[in-house]
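So the structure is just underneath, and the comments pick up after that.
When the chains are written out, they are named A, B, C and D in that same order, and each has its own residue count from 1.
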Amino acid sequence: MRDVVEIGKGKSARRGFELSEVSLVPSRRTRDVDDVSTAWQLDAYQFGIPCVAHPSDATMSPESAIELSRQGGLGVLNAEGLWCRYEDPTPVLAELAGLSDDAATARLQEVYAEPIKPSLITERVKQMRDAGATVSVRVSPQHTIALSPVVLDAGVDVLVIQGTLVSAEHVSTGDEPLNLKEFIADLDLPVVVGGCTNYTTALHLMRTGAAGVIVGVGADLWSTTGDVLGISVPMASAIADAAAARRDYLDETGGRYVHLIADGDIESSGDIAKAVACGADAVMLGGVLAEAAEAPAGGAWWHSAASHPKLPRGMYRPAEEDRDAVSMETLLHGPSHEPYGNHNLFGGLRRSMAKCGYSNLKEFQKVELTVS
Amino acid sequence: MRDVVEIGKGKSARRGFELSEVSLVPSRRTRDVDDVSTAWQLDAYQFGIPCVAHPSDATMSPESAIELSRQGGLGVLNAEGLWCRYEDPTPVLAELAGLSDDAATARLQEVYAEPIKPSLITERVKQMRDAGATVSVRVSPQHTIALSPVVLDAGVDVLVIQGTLVSAEHVSTGDEPLNLKEFIADLDLPVVVGGCTNYTTALHLMRTGAAGVIVGVGADLWSTTGDVLGISVPMASAIADAAAARRDYLDETGGRYVHLIADGDIESSGDIAKAVACGADAVMLGGVLAEAAEAPAGGAWWHSAASHPKLPRGMYRPAEEDRDAVSMETLLHGPSHEPYGNHNLFGGLRRSMAKCGYSNLKEFQKVELTVS
Amino acid sequence: MRDVVEIGKGKSARRGFELSEVSLVPSRRTRDVDDVSTAWQLDAYQFGIPCVAHPSDATMSPESAIELSRQGGLGVLNAEGLWCRYEDPTPVLAELAGLSDDAATARLQEVYAEPIKPSLITERVKQMRDAGATVSVRVSPQHTIALSPVVLDAGVDVLVIQGTLVSAEHVSTGDEPLNLKEFIADLDLPVVVGGCTNYTTALHLMRTGAAGVIVGVGADLWSTTGDVLGISVPMASAIADAAAARRDYLDETGGRYVHLIADGDIESSGDIAKAVACGADAVMLGGVLAEAAEAPAGGAWWHSAASHPKLPRGMYRPAEEDRDAVSMETLLHGPSHEPYGNHNLFGGLRRSMAKCGYSNLKEFQKVELTVS
Amino acid sequence: MRDVVEIGKGKSARRGFELSEVSLVPSRRTRDVDDVSTAWQLDAYQFGIPCVAHPSDATMSPESAIELSRQGGLGVLNAEGLWCRYEDPTPVLAELAGLSDDAATARLQEVYAEPIKPSLITERVKQMRDAGATVSVRVSPQHTIALSPVVLDAGVDVLVIQGTLVSAEHVSTGDEPLNLKEFIADLDLPVVVGGCTNYTTALHLMRTGAAGVIVGVGADLWSTTGDVLGISVPMASAIADAAAARRDYLDETGGRYVHLIADGDIESSGDIAKAVACGADAVMLGGVLAEAAEAPAGGAWWHSAASHPKLPRGMYRPAEEDRDAVSMETLLHGPSHEPYGNHNLFGGLRRSMAKCGYSNLKEFQKVELTVS
C-alpha cells in the first residue's frame, strides 16, 4: 500500500501528495452548521478558529495582530521584520505595497538590510499586550539566542521559532548552535517551532518540548523554494506524516499532545478543511491574510525568504489593482460575496465539517479522503 | 486491484476517477443506430431519453419543463427558485441573463433573498399538469417539511429532494431534522433524493425508500464546491460506487431497483455515454441544458449554491455573446451542426451505444472502460 | 504487472497509454543512418516507406495519390469523397480550403450531400492506374456492397474498407449486413479493414482474411470522437494490443502475417517511430500530409466524420496563413528546415532507428519504451 | 517496487521520472552553509563547483571557457563549432545573437556549412592554455578519428567525445567505426563520453575506460529530440540508472570510479541539487550558462543539433529583450537579485545541501526523494 516508486535502479522515492490532489469524502451523516465547533486550544490559550498568522510584514503589524486576536486567531509578529527594524515602518510598507515586479527583489533586499532594533521589539510587544491580545512573536533559529532575552522580557505568550527548515539537530563547526531542547526546557511559555517536512524531523522537533510544530515551508504560488533549493513539500503528505509523529510521540510520552500548524498552499476554506483532514490542528495563513483590509502592505505579499541578500527564494506579489479589500472579520467569518472560497474562510471550514458530518476539529481529522 | 494510496503514514485515500479520465472500449460487435433504444423508466413514468433537468432557474421554467417532457425527458422545477418567489420572474431572469461577472454573485444573493410563496408553487405545478407534462418539483432537505404539503397537494408526479449533499442521517441539536425514511414511507409517489458521493451514503439513501438517488453534487466548470468546502467528486468513481450500492440493495431487498441519476461534469454526449457506462440510469443536465433557446435565463448559468447568502459556491456563467441558440429539440435530438458533442446529445449517446455494440441502456452499463 | 485500476466498486478499467506518453529507449548499439531500411511490403506491393494516406479529401486527390506512390508510400482515394461526387471538385476544394471556423461544419455537411457517382470512381481509378501508381481506394462498410463492384471493376490493387469503428460482427435487424469474411474470401486482392481499438476486435478482423488492419480511429487534435461518443483511443496501447492479436493470429494460422496500420495521433517523425515501436507495420498520415503542397485542400484539414449530416465529429482546421508549403517529397524525405519533426518524416524515422541501433522496421518493433 | 507498466498485451515500459517530478526531502539534521563543500575532482583536475559547460557556440568561446575555469568549473570548447570554422566568428555570432525565430533554423544550417579548420582548433586551444585554464575540447564520435590528432597535439587536458547519443558499439557497414575502447586505451588523458540514457549503455561506455560519462541528450525546453526522434529522456531516472552502472562498474573493476555528468533539463540551482541527489557527480549547463554576460551569443541559445543540415532537432531561443545580463561569476556564485534560482546557481546548491544536512556532494547523493 505504501507508494514507493523506483526512480532508477537503486534509487527510490516516496510518492507525495499536494492538498490540491486530495478531496474530502463526506460520511453517511450530515450536521447542522450551528452544531459545529472550530475551537482550538494551544497550551492555556483558547482560540475560536484554528488560525495562526504567517509572521510576515505583509500580514502582521501590531494592529493587525491585535485584530486577528479579536477575531479568534493567533497573530504572530516577526521580531526580525520591518516593525522591529524601523521606528516607523509605515512609509517603507507604503512603498513596498506598490513595487513593480521587476525591481521588487532588489528593493526588498535593501529594505531588510536595516538592522534589527531590540528596543522596538519591546515596544511592539507592549502595544499588543496593552490591547489584550494573545501575544506571539517570531524569531529565526539563527537569532534565537540573541533576541530571545529581549522577546521574553517584553512578555510574549507564545514564542515562535521559525525558519524555512528547522531541525532539532543543527550541526555547525563555527558558533555553538542553538540547542532547542535545552533552550525550550528553560522556558515556561509554549514554543512553536518549524517548518519541517517529514516524520523524522517532526518527531525530533516534538522531542525538544515544543508545544506546536510547523509543518511545511510556507510555500505557495509565489514561493520559489523548489526552483532554488530543489525542495518542494507535498503538503497533504507532510501533514499526514507529522500527524503520525504526533501519535507516536503521544504514545512515547504517555500523553503529550503536540499541535501541528500547517504552513503552505493554504489559499481557500477548502484548503483549510483539507489540511485539518490530513491531521493539522491549525493552519498558518500567509498570502490570503495579506489581502485583508487591515494587512500592513496594502494587499501585496512576499515571503521572508524573498528578501534574502544573496539567494532570494520568493516572488513579490503586487496587490490587485483597484482592489476593494474586505475586513479581516469578513475574510475569516463572512459573509462572502465571492464564490472562490477566499472569504468567510472559517465559515467555509465549518460548513465543510457539517456537510461531512463532523462536529469538531479533532473528529474532522478522521474524514476520508480521495485522490484524483 | 483496489487503488488505495498512502497520503502519509497512517492516512490513506482511495483513488478517484473523473469522467474525463475514462473512455469507452467498443466491444467486438457493432450495431445499427436504429436498433438502439435509449428508453428509461422511473416508477410508472416512461421516458424516451434518460434525461433529467438540473432544477435550476437557468434551465427550468414551467414552459421549459413542459418542453423537456415533450422531448422525452423529465423536467424538474425548483420549488425554491425564482418562479416560486416572484409572481412574474421574467424581468428578474432577463436581468440575470445579462449580469457582468464582477457583480453577479452579490446580485444573485439579493434576488434570492425574496421569500418563497407557496401559492406560486401551486400555480406553477398546475400549469405543468395542464400541459400534460410529467410533473416534478425539487425541494431542499431543509424545507421539505415546510414545503412538501403544498407541493404534494398541487399534484406532482415525482418529488425531488435535493441539496448539495444529502444524507439519510442528518444530526441536529436544534429542530427535529427530516427523517427521510419515515417521510418517504408516508408518500405514494416516487421520490428522488441526493446528491451523494459514495457507496455508503448512496446505500443509506436507497434504504429510505427512494425511487432514485442523485449521484454527485452537480459540479461543473462553474462550481467552486472544491475551493470552498474541499469536496470534489470524481464522478466516474462516484457513479460506479453508487451502482455497487444499487446491486447490494437489490440483493438485500430481493429485487428493489433504485435508479441512479448522475449530476455533475456532464457537458457532452460523450459524457452522457460515459456516465451510463459507469452505471448511471439517467443523467441530470445543468449548464448544457441552460443553453437551449427555451431556457429561461437566455443561456446564462449558475448553480443554486451560487446565491448562498454567506458562502456562495459557484460562479456565474454569462451567455455566449451573439449566441444563436438551438431549440431544446435540436439540443437533445439533433441534427447538429457543431462538432463538439453539445448538440444532438442523445443522438450521440445512441450512436456511441451502436458503435460499441449495445442495444439498450442497461446493457450499455457493461461496456468496458479504459483510463488514461 | 497488468495495469488494471478500480474505477469504483465492481467496475474496473485498463490503463491506456497515448503515444505522447511513451518514449524510445536506445539500445546499447548505434548504427549508421545509411544502413537502415524503412522498406515495407503489403501482399505483393513494396513500399520504400511505411506510409499510407488517410483517405480524406484534404490529403488525397488522384494526383496527390500518384505523387505519394512515387515517393514510396501508398495513396488511398476515398470512393465516397468529393472526387467521386463532383465531376470537377476543384472549385469545391478551393472553397473548403478557405472556410472560416464558424461556418465550416455546416458547409461541409452541405458539400457532402451531393450523391456519389460510380462513373467518377471508375474515372479516378483509371487516372491513377495510367500513372503507374499502386492504386488503392477506400469504401465505408455501409457502402461496400453497393460500391465494391464498381471499385473492383475499375481495377484497384488494394481495397480499404474503413469506418471510424469497424467490427467483424455487425448486428442489424434491418438490411443484411456486410459479412466481411465472406466478402473478402471472394476477392483476389488484398483488403485493409478498420479502424479498431482493441485486441479482440483486431483479432476478429484478422480472421476475416484481411491483409491489413487499421488500428485507431484516426483521431488527432481536430477529432471530437471523444466528446461526441465518449471513445478516445490511447494509441500506444491500442497498437500494442493489436500487435498481440497479430502474434496470436500468426500462431493460430501457422504463419499468416496481418499488417497493422496505425491511424491516429501521428503528427511527427517521432510519433511514427513510436507507433512502429509499439508494433505498427505502417502509419496512416492525415493532417500532417494535408500540409503538403500537393494536398488538394490547400493545407486545410478535416476528418470524414466532420461532415456527418446529423452528428459531426471533427473540427475543421484552416490552413496556416501565409503558408509556404513544402513538397510531399520534402515532407517525407527532407531536407527539413524546421525543427519540429513535421518535415523529413521518414528521414526522422530512419535516424531514430539508427540512434536506437536497429536496421529494419520489424526489428525496431522490439525497441524498449519508457513512460513518463 | 519496480515501476513497470503494460502498454499493451506483451509490451511493457518502465516508468521514467523527470527532475521536475522529484523533490528533495531534508534529513533530520541541518548544517551551516559555510560548512558545505561543492568541490569536485575529475582525474587530476580539481574544481570548486561541479559545473561543466555544454560545448555549444552559445555558451563557450575561448574567453568564456577561460572565465568558467577561473570560476571553478570546466569549460569545454566545441572543436566542430564556429570558433574552429571561422577565423573570426564574432560577426557570425553577432548575427546569430539576433535572429528571428522564423529564419533561425535555415540560417543556422547555412552558417554551420562552413568547413572545420584544424589550424583554428590548435589556435583556440593555445589561447586557453596560455590563460592557465583547464583545457577541454569536444569532438563528435563521427569526427573523433579525423580531429583527435589535432586536438591532442594542441594539448588539451580533458577530451570530450560527445554526440546526442553515443554507444560503445557503433555498427557500420561502411567506414571502420570508432572503437572507443581501443581509442581511449591509447590516450593518456581523461576522456569524457556521452550522451547516453540508460544503465546498459552507461555501463558499456564505462568499460571503454572513460573517466566520465555524460547522461542525457542535453534536452531542454528548446530541444525537439522527442518530436523528431521519439526519444525523450526522463533525467531523474536516467541519472539514477547510470549511477547504478557506476556502482556495478566500481565493483567489477575493484574500484574504478567513473564520473557522471548530467546533461539535460538543468535550468536552476534546484535542478542542480536534484541531479546530484539522483547520483550525478557534476552537471552540464547549456541554456542557463548562455545567459551570462560573457557568453558569446549575447544570450541566444541553440543546440548543436539545431543546425543539422537535413534534420534539425532544436529550436533557436532568442536573447531576452532589454536583457541586463549578469556576469558568469554572479550567475555561478551570486549574489542574486532574482528569486528564480537561475543566478547564484552553486550558492543555491550549497544552501540546499546545508538545509538537507549534507556537507559534500558524494554524501548529498544519498538524500531522500519524494515524487509528486
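Worth pointing out:
The rule we apply is simple: a contact is a pair of C-beta atoms (placed from the backbone, for glycine too) under 8 Å apart; a residue touches a chain by one contact, two chains touch by 3 or more.
Chain labels with UniProt names: A, B, C, D = IMP dehydrogenase.
These numbers come from a predicted model, not from an experiment.
Here the chain-to-chain distance from chain B to chain D, counted in touching steps, is 2.
Where the sister copies chain A and chain B meet, the same residue numbers recur on both sides for under half of the interface positions.
Seen from the Cα centre of chain A, the chain whose own Cα centre is farthest off is C. The angle needed to superpose chain B on chain C by their Cα atoms is 90 degrees, rounded to the nearest 5. If you average the CA atoms of chain C and of chain D, the two centres end up 40 Å from each other. Centre-to-centre, using mean CA coordinates, chain A is 57 Å away from chain C. Counting partners per residue, chain B has 15, 17, 237 as the residues that reach two or more other chains. A ring topology is adopted by the chain contact network, closed into one cycle in which each chain touches exactly two others. Across the assembly, chains come into contact as A-B, A-D, B-C, C-D. Contacts from chain D toward chain A in the complex involve residues 1-3, 15, 17, 22-32, 34-35, 199, 236-244, 247, 268-274, 277-279, 334-341, 344, 347-348, 351-352, 355-357, 368-372. Of all residues in chain B, those touching chain A in their complex are 4-18, 105-106, 109, 164-174, 177, 196-198, 200-201, 204, 224, 226-234, 237, 306, 309-315.
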